[in-house]
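Chain naming follows the written order as A, B and C, and within any one chain the residues start at number 1.
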Amino acid sequence: MKFERKDILGIKELSVDEINLILETAESFLEISTRKIKKVPILRGKTIINLFYEASTRTRTSFEIAGKRLSADTINISASTSSVVKGETLIDTARNLEAMNPDVIVIRHSASGAPHLLARLVKQSIINAGDGAHEHPTQALLDMMTIKEHKGKIAGLNVAIIGDIEHSRVARSNIYGLSKMGANVVLAGPATMLPRDIEQMGVKVYNKIEDAIEGVDVIMMLRIQLERQKQCIFPSLREYSQHYCLNRNNIKLAKKDVIVMHPGPINRGVEISPDIADDPSCSVILDQVNKGVAVRMALLYLLTGGGE
Amino acid sequence: MKFERKDILGIKELSVDEINLILETAESFLEISTRKIKKVPILRGKTIINLFYEASTRTRTSFEIAGKRLSADTINISASTSSVVKGETLIDTARNLEAMNPDVIVIRHSASGAPHLLARLVKQSIINAGDGAHEHPTQALLDMMTIKEHKGKIAGLNVAIIGDIEHSRVARSNIYGLSKMGANVVLAGPATMLPRDIEQMGVKVYNKIEDAIEGVDVIMMLRIQLERQKQCIFPSLREYSQHYCLNRNNIKLAKKDVIVMHPGPINRGVEISPDIADDPSCSVILDQVNKGVAVRMALLYLLTGGGE
Amino acid sequence: MKFERKDILGIKELSVDEINLILETAESFLEISTRKIKKVPILRGKTIINLFYEASTRTRTSFEIAGKRLSADTINISASTSSVVKGETLIDTARNLEAMNPDVIVIRHSASGAPHLLARLVKQSIINAGDGAHEHPTQALLDMMTIKEHKGKIAGLNVAIIGDIEHSRVARSNIYGLSKMGANVVLAGPATMLPRDIEQMGVKVYNKIEDAIEGVDVIMMLRIQLERQKQCIFPSLREYSQHYCLNRNNIKLAKKDVIVMHPGPINRGVEISPDIADDPSCSVILDQVNKGVAVRMALLYLLTGGGE
């Protein structure tokens, strides 16, 4: 199968075949990062621009490492040191970058739909590295890759996503992806953090974490993103934690071999207790980060004509 | 002809032969950025430092891409994360960088003359990427390259530069360059934005944009740089725009095949109407950005002994 | 001799043999930075992360250039644009980076012991690029390399370190290193800037600069680090300068062929008079910077299995 897309904007529009192709390509790249010489020449002479309008360590670093291990030239632009401060529009910034002939522009932006706007306007490939509360497709792909490795499959698994669903692009992308791949997705969170009509996405919704995680194979905890909440939607972190923190007690409700995931950065003791986050018998959080580099290598490769 | 200069500080001191050599070298590099593998090894093992004391996206990115496509190692230093915050003088910073044996230091600084100071003090090549309201030679070179491509020549053309001449290093460098190359340069802008005695540079000055652009081959609009204006020199952006914005109406006064230029970032609707900026039949704004990478590749190549 | 350490955390734990191995390796790398093609392929395919929680030009740039001249991939992370702003702990940041399979993490942090914490937690090599007021081992190594070049040896030399000893990681690392290598170290500074019981480190302490530098071979001036002083420990910079500034007068007390060092950035006229700092007959300040790149190349090489 050949990968035909110009851009990776969201999981919503990807087919099962496309997701499988990406995951298989990523699996084949995983080994490169364990070599003594962690570098292959397949993207030599390609230019990748990381255009980050929001602060990021892991995602930007992951894309930069992915690009460099494929021998691409990587250019970082962060909003704080760019002409954004001079009031240039996103469209003009993108068109200017386009004129410098990059091959891929990776964009993170606080506005939902920003990558889609760019994808329509510029001829280069766009990868959405997170747009507002909309999608974060590379996160969902690395999550699916992690689940597949630990469980051998995605279809038929029961997956609980817990926390601030409303503000989470990670949740949205994973709901699309996991449902497509045949998993049963259930959600839990305070009523103020659940989007209306979320059941229309084909998921079951609970208010209590205990109801959601009962008997599941995978628990995905979300980060409380205080910076994205426009209003006070819960009384206090302490109260949130009392009801929704994953800990030694409530995790017993899940399957014995449950795996625990988190997109990071973790608020220790808020959405997940430190002993669970650090427990190698269930936590696959750092494994997710590891898969992230491979998934991004796969996408950079496929979008620049890999396999042709 | 061999390029003998150590530094590129301004257009003022360049000869016509030197400008022609740079433009021809840049033209020969233009094709590299359109290849599948956009990289040649001719600056391998050279170190280029981008030392930016002012925020920039396009110029810094353009220099970084230019360096990387020639296989140089590029190092970015921005004032906000550097020892500038510890109060080190520019001279000491430059001498410290010199001691690390770079080949070229590209500097942007808010103080006019900063690159010239460095050029006297350090043995490496200095490229001025914009110094205060003084010069921005790489911008003028890419502007001349763009004009030459679209008009086949520079000599004999009528070029109007419109806007805040007083605060514009782009205007200053272009007035030097275009006059040297045989173009007739006319200016227009509010009286408060025109330097005194500007006619001594061999240009004609008008107050009205309509008078300046009548019959010209090239219109170069300048950015209103609010951040560089120390005092309130015009009542409002709206009033400025009413008198000096290039639009569908006044552009009819120019030649039918006029080209429209802008160094970016654009203040849409202030100095240029969006329909003109985006009109492919006259606007060459993004083409300027494209030429910028080639001009910077040419300069990096020539300054590091290219062609020897 | 084979280098067996996983990390470079401080000079305190290094043996004389290890220091000699590092300095000899650095001396052999010095020549690379003077070549026309300043690049060797020995760290190709290695990933080096520069994780800087404090602003820095020279140290970060020096590490980045060192990595690039050895053909490593270098990734910069500065606290201001990272998930540090999202409240992630240092430990979680480090473990996340570990999961991306870098080879070396270079860290600068305002907290003493931060690199040691990382070294225990992650499997990759950690280099301390300065931790609080604790150690700055690469600075001490480049200082020793500079002394060795100019004096032919370290053992038996008399070295005076002058200034704010209490807050200086540079002083601490040099006291360890120079004492180990057989130099006699004397200190001088205001009583408020001298740590209690500092004599236990085997050094002589004076209050007056004149007493300390009498007859010495090497004077090492420290930077007044106003940003690290939690309280007002001296009445004014002017008064400090009157008593502790190295100048044309007091330098006569040292040996005729004394060399003057400073880790930079210099506060001209505060701890050192400009004519001394810029006097090529005694100042080796820029030579220190030059040696810094070679020392960092040596460490990156040795920690990644160089010489195996």
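Simple rule for what comes next: a contact is a pair of C-beta atoms (placed from the backbone, for glycine too) under 8 Å apart; a residue touches a chain by one contact, two chains touch by 3 or more.
Quick caveat, the model's predicted, so the values are computed rather than measured.
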item	value
Copies subunit A and subunit C touch via same or different residues, half shared test	different
Inter-copy rotation, subunit B to subunit C, in degrees (Cα atoms; steps of 5)	120
Centre distance in Å when subunit A and subunit C are each reduced to the mean of their C-alpha atoms	40
Residues of subunit A touching at least two other chains	80
Subunit B-touching residues of subunit C, taken from the complex the two chains share	33-39, 52, 55-58, 61-62, 64-65, 68-69, 78, 80, 227, 264-268, 286-287, 289-290, 292-293
Contact footprint of subunit A on subunit C as seen in their complex	44-47, 49, 73, 75, 77, 80-89, 92-93, 95-102
